[in-house]
Structure formats: C-alpha cells, structure tokens
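Input: structures, listed below.
There are two complexes below, and they share chain A, which is joined by chain B in the first and by chain C in the second.
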Partner chain A sequence: MDQLLQHLVNMLVLGGTYALLGIGLTLIFGIMNVVNFTHGILYTFGAYMMFIVVHQLGLNFFFALPVAIVAGWLLGALIEITLLRPLRGADIDTTMLVMIGAWIAMQSGALWIWGGVAKSIDNPFPDAPLVIGPVSVSWLRLFVLFAAALLIVLAYSLINLTKLGKAMRATFQDSDTAALMGVNVSLIYTSTFAIGSSLAAAAGALLGPVYVVFPQMGDLAAVKAFAIVILGGLGNITGAVIGSFILALAEELGAGYVSSGYRDAMGFLIIIMVLIFKPTGLFARAERVG
Partner chain B sequence: MKQIVTLLCLGFFVSVPMWLTDPYLLNALITTGIFIIGAMSLNLLLGFTGQLSLGHIAFFGIGAYVSALTSLGFDVPIYGDFHIVHVPWPPIAGFFLAILISGFCGYLVGRLSFSVRGAYFVIVTISFAEVVRLVALNWVELTQGPLALTNIPSITIGLPGLGYLVLKTKFHNYYLVLAVATLSYFLISRLVHSHYGRAMRGLMENETLAVAVGIDVTRTLTLAAVISAAIAGAAGSLYAHYIRIIDPDVFAFISTVTMVIMVVSGGKGSLAGPVVGGIIFGLLPVFLRPIMPPEAQWITYGVVLIVILFVMPRGIVPSLAAKLGLARAGGTRRASSAVSERTAEEHA
Partner chain C sequence: MIRTIKAASATALAIAFLSSAATAQTIKIGVNEPLTGAFAASGTYVVNGAKIAADEINAKGGLLGKKIELVIEDNKSNPTEAAAVAEKLITRDKTPVMLGAWGSSLTLAVMPKLVEYETAMVVETSSASKITTSGNPYVFRISPPSFVEAAAFKNIVDKLALKKVDFLVINNDWGRGTAEDFSKMMKEKGITIGLVETMDQSAQDMSAQLAKIKATDSETVIITAAVDQLTLIFKQAAALGLKKRIITTGGSQNPDQIIAQAGAAANDTMHLTTFLPWMPEKTPNPEATTYFIGEWKKRGFDFAGCTESFRGYDGIRTIAAAIEKAGKAEPAAIKDALWKIDVKGLNGDIVFKKSGPAGSESGQSFPNVYLIEITSGKIVMKDL
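Up next is the complex of A and B:
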C-alpha cells in the first residue's frame, strides 16, 4: 500500500511534465498535421538551455527556466519558417521525412557541441526530501509538478480563451475561410509550432535537473509524446493531459510491479493497443482515421 | 534498353572484387549491399503501396536474431524447470528460417496495422520495432541482452561433389550479398509487374476506386508486407553471419531512417531507386570519414536528406529518368497520384 502511494506521487510528477510534451505535440501533430520528429530535440534543447544558463553563465535557476522556454519558442519558429513553410501543401510523408532530416542534423549538432557525456544540473532546493507519512518526494520534483501545472493552465487558457487561440482553432478547421476572415494564416502556423515547441522545451528544462542531460534524451520523450497524443485523441488538449497521467501511471506500475526493463515499453504498448482497438483515442469525438 | 543497363550494372558489380583490393572499401560495399536489400524491401511497401513503415528494421533485426540463434542454439528456461533447448543447426537453415519468421511477423503486423493509415501506420510500426528491441534487450536468457550474441558461424554452402564452402572471407560474402540482392531485385520486379503489383499501385493512387473494382485491400497490402518483411529478414540474416556479432542495437531507429533515406533519395516506386540511393548514402560515410568527425557526418546526412526532398522530391532516379525522357508514362502517373493523395487527405 505504501509502495502504491509512492508510485502515485511519482506518477503525478512524471505525468505533469509528460502533459507539457503531450499538449505541445497535440498542437503540432494533432492540429497542424505535422508528424513532428523534432519534438524530442526541443525537449533536449530546453534541458541544455537550462544547463548553459545555470552552469556556463552562472545565473539563477529560476531565471533559466523562462530563458529555456523562450529559446524553445524561437527555435520552433525558426524550424517552422525555414522547413515547414516552403512545404505547405506537400504530402504528409515528405514533411515527415524533412523533419526526420532536421532531427538527425540537430541531434548530431547537440552531440558535437556538448559531447555525449551526460551532465547534471544543480538546483537550489534542499537535498532532504519532503516526507509525508509513508511517502517521500524531493522538493525539486514538487517544484517541477507545480511549474508544469502552471504551464498547463497557461497553455490551456491561451488556446481556449484568447483571440490567438480562437484564430488557431479556426485556421486548422478551415484555413481558407480563416484567411478570408482576416486571419494571418502563415503567422498562425508559425506561432502554433512555436508554442508547441516551447512546451516541449519547458518539459525538458523541468526534467533536465531531475535526471541528467544528454543529446539522445529527447528520443524516448518524443515517442512518449506520440503515445500521449494518440491516447488522448488528436488535437484534444484535455485528452492529452489525461493521457499523460495514464502513461505515467502505466510506467510507474510497470516498472514497480513487472520489470523496470520494460518501463519504456509501456508507451509503445499503449500506442499499439489504442490504435488496434480504439484508433480515435480514448476521449475523441468520432473521427475517421483510416 | 532498360535490360541492357540492368545487365551492365550487374556485370559491373560482379567485377568489383576482381579489381578492388582494399578490404575497408569491400567491407563498406558488403554492408551497403545488405542495407540496399533492406531498402529494396522497404521500397516495396513505401514506393508501391504508399505505406511508410518506420519500423522496418524490426524485420531486419528479427531475421538477424533468428538466424543467429538457429545456428548458435539456445537453452531458455520458460517456467520453473521447463526449458526450451535448441541444438545448433547449420547457418543456411537459419537463413531460411529468418526469411520465414520475418515474413510471418510481417503478416501479423500487416493484419493488425493496415486498418490504420498515414501517420498512425507510421507510429504503429515504430512502436513495434521498439517493443521488439526492448524484448531483445531484456530477454537475456535468449538473446544475451546487451552482452550480444557472439561467434555467429559463417554461412556454409554444400556444393555437390566439391564438399562444403564456408563463406567467411569478404570476397565470398560480397558475392553472397550480391546474389541475394539480385534475387530480391528480380523478385520485387516480377511482383510489381504482376497483377498484384498493379493492384498495389491502384490502391496507392485511388483507394476508393480500387476497392470499387474489386481489389481486396487487406489481402494486397498484407501480401506486400509479408514479402517485404521476408526480404528484410534475409538481409538481417546475411548481416548476422557476416558481422558475426549482434546486439539489440541492430534495432536502432536510425537504421530504419537510413533505409528510408536510401529509398526516398533514390526514388520511391522505382526499382533502381533504392540501389542508387543505397550506394550514395551507404558510401557517403566512407568519403566523409577522412574529412570530418562522425557528428558532422550525421549532420551532413540530415542536411542532404532535406536538400534532396526540397530539390528532387521524387528522388534521383525518377528525376533523372524524366530528364532523359525515359519515363514517358511515369511522370503523369506520379503527378496524378500526388493529386489523388491530396484529395484523399482532404476527405479523411
């Protein structure tokens, strides 16, 4: 029982950051219909920005977080403008392969610049964990959970409550009509991709200090993001948040009670099962996928 | 004309080990050849049915492991005292078993995943490959996990009246790979020119119409998946017996990407495409190695892929063929397929 409670607490922390990844990808993959292989790189990039600001520039940990998010936003905008904008109207496979090329080039670039040795990021929180009854959780993880929750609420409000969010939803429902109504469609594409990318960078910046930072850290993160998006239904933000916690729970329980070697298999198994039995995702409106 | 070019190319490839003595280059050619076989099998799915499988390396890896385990033998505890014991068989048996079992996996994946298309199919195939990789990594009793399967014997062929020929040297392996590649090439060529091949292209270009004229979608796609997986399994088996050591890294996603790059740059849906793309991208590292560090090589790899997609989205072979006026019908066919794909996407 105590063990189960501990797993549930871990699930909350993990699920919060997965939700950032998932919301980011559900915007890009679910709404823009771009199979975004650079999502994992943005996650890695966010973590390295954290490392650079904290260790190489010697600045404050809490200042590094917004820097990483803004840097992710800029890199996302750059990718959209240089690679995706010229390909608008190309078929989904071409776009996907270009994103794979970008992913290989950028990951190798990270390996070249920062080397393959994993780096850890210092944090200002006390080492002793917070202990509540049978459950213990480190202060850093608690901070990660709250920061993630704050960012999720921000992203949700941005998409559902602001004029930009409304323009985004209109553009991806029918971009011609949206353009006729005076929406700058190109700008919306760029900002959607940039927002999705900045959320991935935020997830990396938050989880980087919890684990270690290395160039390939984004690969698994990207797969998990795809699992979450498929589980929650394409473009469904609430679904993505719920899917994140389901994936985190499956991983925690799988690692705790089956075998830790298969922890990372959970995301893949969820993808396969969902696509075989309920390909529209668990929380989606009726939609054709075939 | 086309046959003459094919025969000239084949003659050239046969002559290579006669004048090329550098073992490093010959080794690069053999591994490139193995990957070209994989790329050809991927092209059958990607170029002729339009299904992008990004888990193709799974069939390659399964072929490698099946072949290696058949020729090495294993003793795996299943439950309590119950063991499955397998005594080593000759490697050639492993080669054929690899083809069979990979083909069967292709059947399973095809049956399960062709109900979803497009991006979903891509993601299912990636997940399949990753699950297989994690099993290879964690089922240590069978696969030795990260410790790798070592001392895999070379393929031995019994020649009537001449005893046994052990294909151990690079010279032998080159011809073995060339033989399997040629066989696969002609098998795929026969298949895509048969009525099954026409059914596959019909499905790719206009699925609704193809179904309306009575093409069985699942059956056609599954057939393509089985043959594609079986050929990839054969390539995996060759790889295992040539390199003679395999670990779960054979399932690395980057290897699938390498094959996809070979197919797309050479020209998907063209028989010679994967061969041309394969030679370019297989030998690119050989020429880049002296002038730049490995990370920069991979950056070049990614950038070259992007540039090819921007400049020659149809691939090198179809673009050149169109320039030379060889592909008379090819151009219009592909243009119409692009249109139908877009309309299909709008309907989805």
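Up next is the complex of A and C:
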C-alpha cells in the first residue's frame, strides 16, 4: 500500500509535466496539422535556457523560468516564420521532412554549443524531501507540479476563453472563412506554433533542474508527447491533460508491478491499443462521417 | 562519350592511387566511439584520451618511422551504427586495427565485422563478460569484464556484511551481464538476491524502480549505469528517502561529476572503479599516470573525465605496442602481436590472456579494480 501511494505521487508529478508537452503538441500537431519533430528540441531548448540564465548569467531561478518560456515562444515563432510559412499549403510529408531536418540541425547545434556532457541546474529548494507518512517527494518536484498546473490552466483559458483562442480555433476549422471574417490568418499560425513551442520549453525549463540537461533529452520527451496527443485525440486539450496522467500512471504502475525494463514501452503499447480500438483517441468527440 | 568516361575513370583511378599513396605515409588506427547520443560525454572523453596517446607517440617519432593517424568515427551510441562504422573504418579507411566501441551492446554489434574482415579491435570500456567468452579471436579487451569486477568484489562482501541485495541496472548487455555475474558470486557467498530492476539507457526518471526498491527488506542496492543516469538515480533516491547502501559498478561513474551534480545525494555511495586519478601515487604506474593527468589538464579538459579517458590513452598505447612488435601495419600481424605485448598501463600491466572456447580465444587483460567511497563530497579509497 505504501509503495502504491508513492507510485501515485510520482504519477502526479510526472503527469503534470507530460501535460505541458502534450498540450503544446496537440496545438501544433492536432490543430495545425504539422507533424512537429522540433517539439523535443524546444523542450531541450527550454532546459538549456534555464541553465544559461541560472548558471552562466547567475540570475535567480524563478526569473529564469519566464525567460525560458518567452525564449521558447520566440524560437517557435522563428521556426514558423522561416520554415513553415513558405510551406503553407504543401503536403504533410514535405512539412514533416523539413521538421525532421530542423530537429537534427538544432540538436547537433546544441551538441556543438554545449557539448555532450550533461549539465545540472541548481535550484533553491531544500535537498531533504517532504515526507508525509510513507510518501516522500522532493520540494522541487512539488513546485514543478504546481507550476505545471498553473501553466495548464493558463493555456486552457487562452485557447477556450480569449478572442485569440477563438480566432485560432476558427482558423484551423476553415482558414478561408476565418480570413474573410477579418482574422489575420498568418499571425494566428505563428502564434499557435509559438504558444505550443513555449509550452514545450516550459516543460523543459521545469524538468531540466529535476533531471540533467543534455542535447538528446528531448527525444524521449517528444515520443511521449506524441503518445499523449494520440491518446487524448488530436487537438483535444482536455484529452491531452487526461492522456498525460494516464500515460504517467501506466508507466509508474507498469514499472512498479509489471517490469521496469518495459517502463518506456508503456507509451507505445498505449498508442497501439488506442489505434486498434479507438483510432480517434480516447476523448475525441463523435464526428460526422461523410 | 566513351572517351570521356575512360578519361574520367583514369583520372579517378589516378586520384585514388595518389591519395592512398599519400595516406600510406601514416599508420591509421580506427576509433569507433559514441560521440553523440546517450553516451556522448563518455565517448568524447575516451577519444580525447586516445588523442593524447597518439600525440605522445608522434612526438617521439611515431611508429616504424611513420606518424600514427587516428581515424575517429561516431557510432551515435547505437549498435547498428557501431557495426556500420566498423565496416567503414576497415573497408574505406583501411585501418588495420581499431579501438572501440565503449558500450557492451556497441562492441557486441561490431564483433561479427571483426571476424568478417579479420581485423582486431582493442576494447577499452565494455564490461559484459560474453564479449571475451563467445569465441571471437579478434577481440582484445583491456577493461575488466563484470565477472572480474565481481571476483574483486568477492573479497569485500564479508567486510561490508552484505545480507540481501537488490539490483538496478541499465537494460542492455552491460547491465544485465553485471546483474548475472554479481548475483552468481553473491549466491555463492550466501547473500540473498532480491529485486533485479532495469532501466532504459535513455530513461531519466527512475522513481518507479526506486520506489519499488525502497519497499524491499534488502540493505544494499547494486547499480550499474553510466554517470548521467547515476546522478539522476542518486538525486531521485534521496528525494524518495531511500536509505540503503548504494554500490555502483562498471567503471563509468566519473565520481567528480557525480559529486558536482548530485551534491549531498552522492554522499556515502560506493563505487567499483578501475582508475585512481585522485591518488596517482597509489596507481600501478604513478609516473605515466601523472604525465597523463598533467597532459589532460593542460588541454583544458574536465578532470572528471579522467576515469573514462585513461582507457582511450591505454588503448592506443596497447595498439601502438602491437604495431611496433608486428613490425608492419597489417591486420594479421597486429593481431598476432597483440598476444605478445606487455604494456605498462595506467591501471596495471596490459598482457592478454586467453579467454573463451579453445581454438578461437579472445584476449583479456586483467586490470585492477578499486572500491572508493564518496564521503562528505570527497573521494576516499576503501581497502579491498
């Protein structure tokens, strides 16, 4: 029982950061229909931004977080304007190839700039964990959970409650009609990609101090983000959040009670099961066929 | 048209001939290491150590009147790539001997290529026992296989009063091989083996495995992984309040990096290591060790990398000794000469003994193994 409680606490912390990754990708992959291979590198980028601000500039940890998020937003906007805008209307394969190229180039760039040795980011939280009965959790992870929850609520409100969110949803439903209604479609494309990217950078910035920072850290994170998006249904934000916690739960319990060797395979197993039994995702609304 | 093709092919032939004539001025040594991917940091350290050896040898006039040239290729921490790199080094660069390939899974993937092209490889880091017991006569290993580590550890399990042990190992040939060899030795000693948990080589969150280990009644955990994962494990174990004795194996721990990155979480952990850069006077070859560490620092590399890079240094010196002994840079002659060398390595004499099935034995050298402990952020040697 004690062990189960510990697994559940771990699941909450893990699920919160998966959700940031998942929401970011569901915006880009689910709504914009761009198979975004740079999502993992944006996660890595966020973590390196933390490293730069905290260690190389010597500034405060809590100041570094918004810096990393804004930097992620800017890099996302840059990718959209330089790589995706010229390809608008191109088929999904062309875009995918360009994104794979961008991913490899940026990852090699990170290796070139920072080297392969993993970096560790100091945090202002005490080393001793918070212990409640049989359950023990580090203060840093608790902070990450709350910061992630806050960002999830912000992202959700932005998309569902603001005018920008409405314009985004309208654009990706029918961009011609949206343009006719006076929506600046180009701006919406750029903002959506930038928001998705900044969420990935936020996840990296939050998890960088929890783990260590190295150029390939985003690869596994990206795979998980894709699993979450498929699980929750393309473009479904609530689905992505729930999907994140399901994935985290499957990993924790899978490793705890089945076999730890297959921990990271749980995500793929879930994708396969979902694709077989409910290919539109667990939380997709019923769609009209034909 | 035909004339153009003929002219072009003649030119190509001439260029090929000229370039091979030009490269014949050097003796090539292939280096097959992970420079990107999960083991990028370690592989880069090994390559930098190899370069120090090559520069040292060339500064003294080279080998057989020629300079040596390292042909360094990245195997991307990926076994498929490691095999492709070996093929490229042998067939395109015509390297008569190679150094590689850091990880056990990487080395095992290269091994069939060695047989196919009859070219020897000095294995500098890998520790899965089966590398030198599977009957591949082209493998010459200078790092200790896990059964040698286990044998060295056997002498101290009584002192540590081990009773019940869990394992947390990387899920590849290295980790699983270590769990197997250590379990076997411990069972003979009457120690109970509890859980054997594994983790993917790129996994970053081991909380689930650690929570499971926390709940058992064992007092010790044996952990096998490379330095980056160890750092994470120590931090996560501390966060979970795991209070068991931790002993790591495999020689890729970089204790200085662990202290720098895991901080207090690294205290009281023990590590089986194969080099003592912190106390050169206690190494088998203090003079060479001091020279190597001095050169390493002079080049501005991170001191923490010494525990990895010395293997690249020793590996190239081993290969150089064999080329010298062979008297020619040809694969068959170098392979035969590897059996006859005696190199003063930084971690004991490098002499290859036969290992594996009769008729197709691999070469295995038996370096020293040490147990160190991190106490209040300092490295302390434990007597074995």
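Here, the second predicted complex is superposed on the first by the 286 of 290 C-alpha atoms of A that agree within 3 Å, B and C clash if a C-alpha of one lies under 4 Å from a C-alpha of the other, contacts with A are read in each partner's own complex, and residues count from 1 in each chain.
Keep in mind that, in the parts below, a residue touches a chain if its C-beta (ideal position, glycine included) is under 8 Å from a C-beta of that chain, and two chains touch if they have at least 3 such contacts.
Quantities reported herein were computed from a predicted structural model and do not represent experimental measurements.
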item: Joint occupancy of chain A by chain B and chain C, clash or fit; value: clash
item: First, second, both or neither for A:149, with chain B first and chain C second; value: neither
item: First, second, both or neither for A:164, with chain B first and chain C second; value: neither
item: Touching partner for A:127 - first (chain B), second (chain C), both, neither; value: second
item: Touched partner set for A:93, first chain B, second chain C, both or neither; value: first
item: Which of chain B and chain C A:141 touches, first, second, both or neither; value: second
item: Which of chain B and chain C A:111 touches, first, second, both or neither; value: both
item: First (chain B), second (chain C), both or neither touched by A:261; value: both
item: First (chain B), second (chain C), both or neither touched by A:101; value: first
item: Chain B versus chain C as contact partner of A:219, first or second or both or neither; value: both
item: Chain C clash site on chain B (candidates 5-13, 23-31 or 95-103); value: 23-31
item: Chain B and chain C footprints on chain A, overlapping residues; value: 108, 111, 219, 259, 261, 264
item: Footprint of chain A on chain B - complex, ascending; value: 52, 112-113, 115-120, 122-124, 126-128, 130-131, 134, 137-138, 253-254, 257, 260-261, 264, 293, 295-299, 301-306, 309-310, 313, 338, 341-342, 345, 348
item: Residues of chain A that touch chain B when the two form their complex; value: 29, 33, 35, 83, 86, 89-94, 96-98, 100-109, 111-112, 219, 223, 226-227, 230, 259, 261-262, 264-265, 267-269, 271-272, 275-276, 279, 288-290
item: Chain C to chain A touching residues, read off their complex; value: 35-38, 40-41, 43-44, 171, 197-200, 202-205, 207-209, 211-212, 214-215, 227-228, 231-232, 235, 238-241, 257, 260-265, 302, 305
item: Interface residues, chain A side, partner chain C - complex; value: 2-3, 6-7, 10, 14, 108, 111, 115-118, 120, 127, 129, 131, 136-138, 140-141, 211-212, 214-217, 219-220, 251-252, 254-256, 259-261, 263-264
